[in-house]
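Each of the next two complexes has chain A plus one other chain: chain B in the first, chain C in the second.
Right, the complex of A and B next:
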C-alpha cells in the first residue's frame, strides 16, 4: 500500500460513522445475518483505518461481494424488493470503502449514503425520521465539503455551518417541488409484498383475546376532526366490521360481501348529524372506520350491505376521508339468506347455553325486547366480571364462560350475547370497531387509540331493523361512559398514556401527537386533494398537471435565482470592478493559449512567467500588467489610462 | 500624485539601491537577504538572523551600519552578561557626591546583538524591552534611545547546552527573521579570491546618515495601499487563523508588520504603491517566526508556513 492511499484510508472514520448514522433507522428492520455482516465489515474497516492491516486486494473484495449476495439470498431468498434492496445498498456502501483509491471513491460512498437516506422512507415517514434525515443530510454534505477541501483549512464547526447553510438554501426549492409537483393517485410504484408488515389494529376475525391484546397499546388508530361539536361519549361507536359467521370459537366476516346497499331510514331533522374527517393511521387493511351510522361518504369509497366502509386498496399510508353520520339512522334491510346466516350456530357444543337461552326466552313471553333486557340483567346481576385477563375457555366456550368463569372482556360479552340471541331465534351479529376517543386537550381533534378497540352486538327487530346492543355496558357501564382508562380494569395492563397522573408527561404526549397529526395531514397525507385544496386557497382553480409543471419551472427558476443572488451577494461588488474584469479577460485569452493564471499569483509574477513563453509580446504584456497594477493597487484612476488599459486588453491576442 | 513627492521618493529609492549595491559588493550572492534587511531597517523594525556561525551574519550587520553611516555597537551575548552590561549603570562619583549614569552599549543607533540565545532570559528581556519601547529605564529614570535605532540580533539554530532560545512571544518583537545560508559556488569563489571583508567594510563610503534614514522611513509610511491589497492582507491573516495547520494564526501585530514591510519594499522597488508581490516577498521573513505549526506535515513537504499560506490564498 502506498502512502498516499494510506493517508486516504486514515480519513475514512467519519465516512464510516456517516454510513452508520444514515443506516441507524434501518437496523431494526434488518435480519440478524445482515446486521452481523455489517458489524464484521465495520470492524475490518476500523482495523484498516487504524493502519493495523492493509487494504484487501481486488480478489478479496470480489469474494466479499459474492458473500454479501450470499448473505442477502440466505436472509431474504431474493435480492429484489424493498428490504433486500436496502440491505444490499447498505452492505455495498461498506464494501465500497474497501476499494478506496482516490477522493472520488469517497464521494461515491457519500452519494450512496444519500440513496440510503431515501430508502428509510420505505419503512416510516414519521416526523422523527424526517428530522433524522435532515441531520444526516447536513452531515453527509459536510463530509463532501471536507473531501473537496484539499487544503484542509475548514474546521469542524465551520464545515457544519457551511453545510447547514447549503441545505437551508435548498429548502425553498424543496418546498416548491413538494407543493407543486403533480401528485399521482396511489403509490408511485407497486410496493413489493414484504411492505405489508404486521401493524397493530383490528383484524377481520374475532376470537377470545383478540381485542384485549390491543388494549395494552397506546398507539393511535385514527384521529377525527369534527366540523361541529362531537357527539356524547356513549354515542361514539366507530364501526369497523360486522362478523356474522361463527364456528364455535372465532367470529368471521362475510366471505363474499354483497354489494347490495343497506336500506337506511334517515330522520328528517338534523339534530344528530355529524360531519367529520377521519385521519386513519395505516393498518394494512381495506376497511375504514365510521361513526354509526354513516349516511354520506366520499366517491371513491364503497359501502357493503353490512355497513362496512371499504377502500379500493389497502391503507398503507396515512389516509384521510370525510364522512357524515347520524346516530339515529335505522338500517332496515334483511334478505332471507342474511337472516339465516345471522341465526346460524355451530354444532351443539354449548347445549347448556342453548337450553338457558330457550328457557329465558320463554320466561320473557317470547318477546325479543324483554328477552334482551333479561339477558343483560343476567350479566349485570349474576356476578360477571369485566377484566383484561380472562381465564382460558375450553371446547364449549359459551358454556364455560356463561356458567363457569364469568370473567371476560368485551369480545366475550359480545360473543356470548349474540350466541344467546341466535339460540333464541333472534338474528344478530358481532360488530368490531372502536368505542370512545379523547378530545386533544389543546388541539381541535379527537384521538382514538388501539386501546379503545371494542366489540358489541347488533340485533334485528322487524319494526326497527338492526339495533345496536352493547352487553359490555351492562357489565361495566363506566367503560362506555368514561372510557377504558376509567373502567376499573387492571392498570398495569393499560397503556401509560391513559392512566398516567403526570401532567407534564401527558401534556408532552399530547403536544407530540398534535405535531404528528399536522405532519400527517400536511406532509405525509399531502395527496391530490390536499394539493388542490391548497392551490385553491392560493387562488388557483382547476390547475392541470401541465399548469403545475409550468408553475414549477417558473418558481424554481425564481427561487434558484434568489438563492444564487443570496450566495453571490456575499462577495462585495468592488472586488469585481472593471479593472479586474478586464484583467480576468486578459487571463482567459492567455488561458486559451495554454498559459494558466494561478489564483495565488500576482500580476508581475504571472507576467514574468508569460514573457518566457511569449517573448514577442513583452511590450504589450508589460504595458497591460503595469497599467493593471497601477489602476488596481495604486491611487491612480486616470480616465485615459483606464481607456488605454481596456483597449490594450481587448486588442491583446496570445498568437499572431 | 504631486511631482515633488515623486521626486523625493525617487531620490530615496536611488539611495537605497545604492546602499544595497554597496553592501552587495561585500556580501556576495545574497541580494535578496540584503534587500530584506534594508526593508526591515526602512520599516523601522528589528532583524533576527538565524544561521550557522561563519556565514556572514556579523559582516552583514557591519556593512549595513557602515553604509547607513550609523554608530555601530556590537554586544556579544554570553551566559554571564547582565542587564546592566547592556543598558548601562549608575556609578557613584565620590568628588561630586552624585550618581552618574554610564550609558551601556545599547545607547547607539545600530546594535548587533550577537548570539542572543546564549544570554539568560533576564538579559534577553532587557534588550527586547529596549527594542520595543525605544527607551531604557535604569534606576527609576527613563532615558530615550537615539533615533534611528536598529537592532540586528543573531541566533545559532543548533541547540547547544546552556542556551536559552527566544520564546515565540519574544520572536514576535522582531519584524523579520532571515536565514543567510551558504553562498553559491560562484559567489564563494569570488569570496575566496577577494580581499578581506573587514578591510572592505572600512572603505565603504556611507550613503546616508541618521537624519536621512528617518526621512526615508517616513517616506515608506506614505506609500499608497489600495483596498484590493488590504483585502489580500486580510485574507492572508484569516487563512492563517482558520487553518488547522497553525496553532493560533497571525496576530494583528503580524498583520501590521506585513504591511509596513511591504511598504518599505515597495519604496526600495521604486513603486508608489504596494503590490501583492511585495507582500509575498516579505511574507517568509515576516511570518515564519510568528506561526506555531500544529504538525510537521509542512516540513515533510519541504514547505514553510509562508509558502503554504501564499500558495493557498488567491491574489485579489
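Right, the complex of A and C next:
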C-alpha cells in the first residue's frame, strides 16, 4: 500500500460512520443475516482503518461480492426489488470502501448513500424520516468537504458548520422547486410489485373477527377536512367496499367490478351536501373511503357500480382527494344479475336461520320494511350482546350466532342481518368501511381511526333503491351515536387514545397528530391537485405546466441571484482593518512625539529608528511591531494575539 | 478537472477565439486581484456524476410519486447550486503577487513562489497550482493573511526563464466544481550555466597579488573573533561563539596571503561559448568553496576579485547572462 492510499484509508472512518447514519432507519427492516454481514464488514473496515490489517486484494473483494449476493439470495430469495435492493446498496457501499483507491471512489460511496436514503421513502415518508434525511444530507455534504479539503486541515466542527450553512442556503431553491415543479401524475414506468408488503386497515373480505381485530388499533385510517360543518356522527358512514359474495363463512367483493355507473338520484336542495378532503394513510389497496353517498370526485379516480371509489394504483403514500357527498342520495339501479347475486345463499348449513327468516317474513305480512323492523327488534330484545370478544362459531355459523352465542361484533350483526334478508328474498349486501370519527380537539379536521372500522348492510327496495341499514345500531345505539369508545365495550381491548383520561398525554398525542396532518397535507400528499389549490390560494387560476415552468424560471432566477449574493458576498475584513487602524494610532502617538513614519518605511525599519530615539521603550516597540507584522502577514493569527496587540497599542505612550 | 484540460495551457494563447482569456491573464508586473472575470468554473467529473444522480433520483420520485424524493432532489440541487458559488468564491478575490525565485543551475529545477494574499476573514482551503496539466502544490491561505504557492520548472538553457502562464484552481468545498484562473506574473529566474564536473585552474589563472586592495585578513593563523559581516564565509563562522550569544561571529585569521585568482575567458581551453561558460562556472564554485579570492574576466566585463555569497552570485549571474543583453 503506497502512502497516499494509506492516508486515504485513514480518512475513511467518517465515511464508515456516514454509511451507518444513512442506513440507521433501514436496520429494523433488514433480515438478521444482512445485519450480521453489516456488522462483520464494519469491524473489518475498522481494523483496516486503524492500520492493523491491510486493504483486501481484488480477489478477496470479488469473493466478498459473491458472498453478499449469496446473503441476499438466502435472506430474500432474490436480489431484485425494494428491500433486497436497499440491502445490496448497503453492503456494496462497504465493499466499495474496501477497494478505495481515490477520492473519486469516496464520492461514489457518498452518492450511494443518497440513493440509500431515498430507498427508505418506500417504507415511510414521515416527519421523522424527513428529519433523518436532513441530518444525512448535512453529514454527507460534510463528507464532500472532507475530500475536497486536500490537505486535511479542516476541523470537524468547521466542516459541519460549513455544510449546515450550505444546506440552509440551498433551502430557498428547494422550496421554489418543490412548490412549482410540475407534478406528473402516475408512474412513468411500472411500479415494483413488492413496493410495500404491509397492508393495514380493512381487507377486501369479511369474516367473523376481521373487523374487531382492527378495533384495538388507535392508528389513523384517514383524516378529513370538511369545508363547512361536518354531518352528525350518526351520519358518518365512510363507505369502503360492498361485499355481495358469500360462501357461508366469508363475504367477498365482486370479482369483476362493473364500471357501469350507478343510477343516483340527488336531492335538489343542498342542505345535506358536504365537500371535504380526505388524507388517506397508505393502506396498500386500491380503494378509497368516501362519505355515503358520494356524488362528485376528482379526475383520475373511478367509481364502480357498487359505489366503490377506486384509484389507479395501490395507495402506498398518504393520498389526498377532495369529494362531495350528500347523505340523502338514492341509488336506484339494479340489474337482474345483480339482483340474483345479492340474493344468493350458497350453503345449506343454516336451515334454522332460513326457517326463522321465512317465518318472520310471513309474520310481517311479507312487507320488507316491517320485516326489517322485526329483525332489528329481535336483535334488540332477544338478549344479543355487542362485544369485542365474541365466542367462536362452528360450521353453521349463522345458526350458532342467532340461536346460540348471540354475542358478536358489528361484522356478526351485519352478516346475520344480510343473511336473514336474503333468506326472505330481499336483495342485500354487506358494506365495510368506517363509522364515526372524532374532530381534532384544537385543529380543524376529523380523525378516523382503525378502531372506527365498521360493517353494515344495504337493502334493496323497489321504490327507494339501496338503503343503508345498520343492525349494530339496534344492539348498541351508543356505538353509532357516541363512538366506539363509549359503546360500553371492554375497555382493555380499546386503544389508549380513545379511553385515556390523561389530559397531557391526550393533548400531546393530538398536537403530534395535527403536526403530522399538516406534514401529510403539504409535503407527502402534495400532488397536482394540492399544487393547483395552493396556486389558487396565491391568486393563480388554471396554471398550466407551461405557466409553472415559466414561474419556476423567473423565481429561480430571482432566488438564485439572492443566494449567489449570500454565498459570495464579501464579509468585511474586519480583523485586518482593526490591525491597520491600531497601527495608525501607534504611528500618530509617535508623530506627536516628533517621530514621523515615512510611507515607504517598513514597520521593522521604522522600529529600528524609533528604538534609537526612545531606547527605554524598546520592549514595547518590538512587541507592537512584531505582533503587527505577524497579524498582517503571518499565518497563525489568533484572537489572543489580536487582543494583546490592541492592548499594547492603547497603553503605548511616547513619553513617560 | 479533466473537462477543463481541453482548454489546457498554453494552447488557449494560440486560439484566437480564446483571446479574451489571454487578455485577462497577464502578464502582470505588480500583481493581480482575481476579479470576477478572471475566475472560470465548470463541474468536475464527480460533479457531472452528481448531476446524473439528481436526474435519476428525480425520475424515481416522479415515477413512484414520492414527495420526500422531490424534497431530497431539490435540496441536493440547491446544494449543488450553492457549491458552485462557494467554489468560485474560494478563488475569486484572491490577490496574487510574484514571489521570489532563487537562481538555479541549468538542469536543476527552478522554483517560483507566488504570494497569495487573502483579504477575507475566512481561510481559503485547498488552492492548487498547475502548469501544462501537472499539479505542483496545494496550499491553504490563512484568513486575512498571506500564503505562498510554488511552481516548479525545469531549468534548461542558462539565462533567464519566465514562470509563464499557470493555472490556479480549487475544488473546495465540495469537489463538485472546479474554479480556476489562468494568470501570468512577471517572474524570472536566473539559470546559471551547468558546471562541468571537474575543471582545474589553467596555468596563469592564479595570481598572488600582494598589492591588491584587499582587507588584511588572512587564512593561516587564528587570531580571534569579530562580529559577522555580510560577505563572510559561512565556513569561518564560529558556531560555538554564536551559540553563546545571539549574534553570529566570524573567526579571524592573520598571516599568510589569501590565495587569489582571476578566472579568465581567454585562459579557458574550450571550443564553444557554452563549454567555456560551464568550465568557468565550475571554477567559480570551486574558488568560493575554497575560500579564495577570485575575479572574473569575460569579454566586456570584469569583476574585481572578492569572495562571499554576494560576489559569488554576481559572478554566476554574469556568466548566466553572458551574451543575452
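The definition used in the following text is that the second predicted complex is superposed on the first by the 448 of 656 C-alpha atoms of A that agree within 3 Å, B and C clash if a C-alpha of one lies under 4 Å from a C-alpha of the other, contacts with A are read in each partner's own complex, and residues count from 1 in each chain.
Just so we're on the same page, contacts are C-beta pairs under 8 Å (C-beta built on N, C-alpha and C of every residue); 3 or more make two chains touch, one makes a residue touch a chain.
Treat the numbers as computed from the prediction; the structure is a model and nothing was measured.
For chain A, the partner that touches more of its residues is C, with chain B and chain C as the two candidates. Touch criterion met: A:600 reaches chain B, while chain C stays clear of it.
Shared-chain residue A:148: touches chain C; no touch with chain B. In the superposition on chain A, A:629 contacts chain B only, with no contact to chain C. In the superposition on chain A, A:46 contacts neither chain B nor chain C.
Within the superposed three-chain model, A:121 lies in touch with chain C and out of touch with chain B [touch as defined at top]. In the superposed model, A:169 lies in contact with chain C only, and not with chain B. Overlap of the chain B and chain C interfaces on chain A comprises residues 151, 153-154, 574-575, 632-636.
The part of chain A that touches chain B in the complex is made up of residues 151-155, 158, 574-575, 580, 599-605, 629-630, 632-636.
Here chain A touches chain C in the complex through residues 103-104, 107-108, 111, 114-115, 117-118, 121-122, 125, 129-130, 133, 137, 141, 144-145, 147-151, 153-154, 162, 166-167, 169-174, 177-178, 181, 183-189, 191, 195, 316-317, 523-527, 560, 563-564, 567-568, 570-576, 579, 631-637, going by the rule given at the top. Contact residues of chain C toward chain A in the complex are 45-46, 49-50, 53, 57, 59-72, 74-79, 81-83, 85-86, 88-89, 92-93, 119-123, 125-126, 128, 138-140, 142-147, 171-176.
Across the interface of their complex, chain A is touched by residues 1, 224, 226-229, 231, 239, 242-245, 272-277, 280, 310-316 of chain B.
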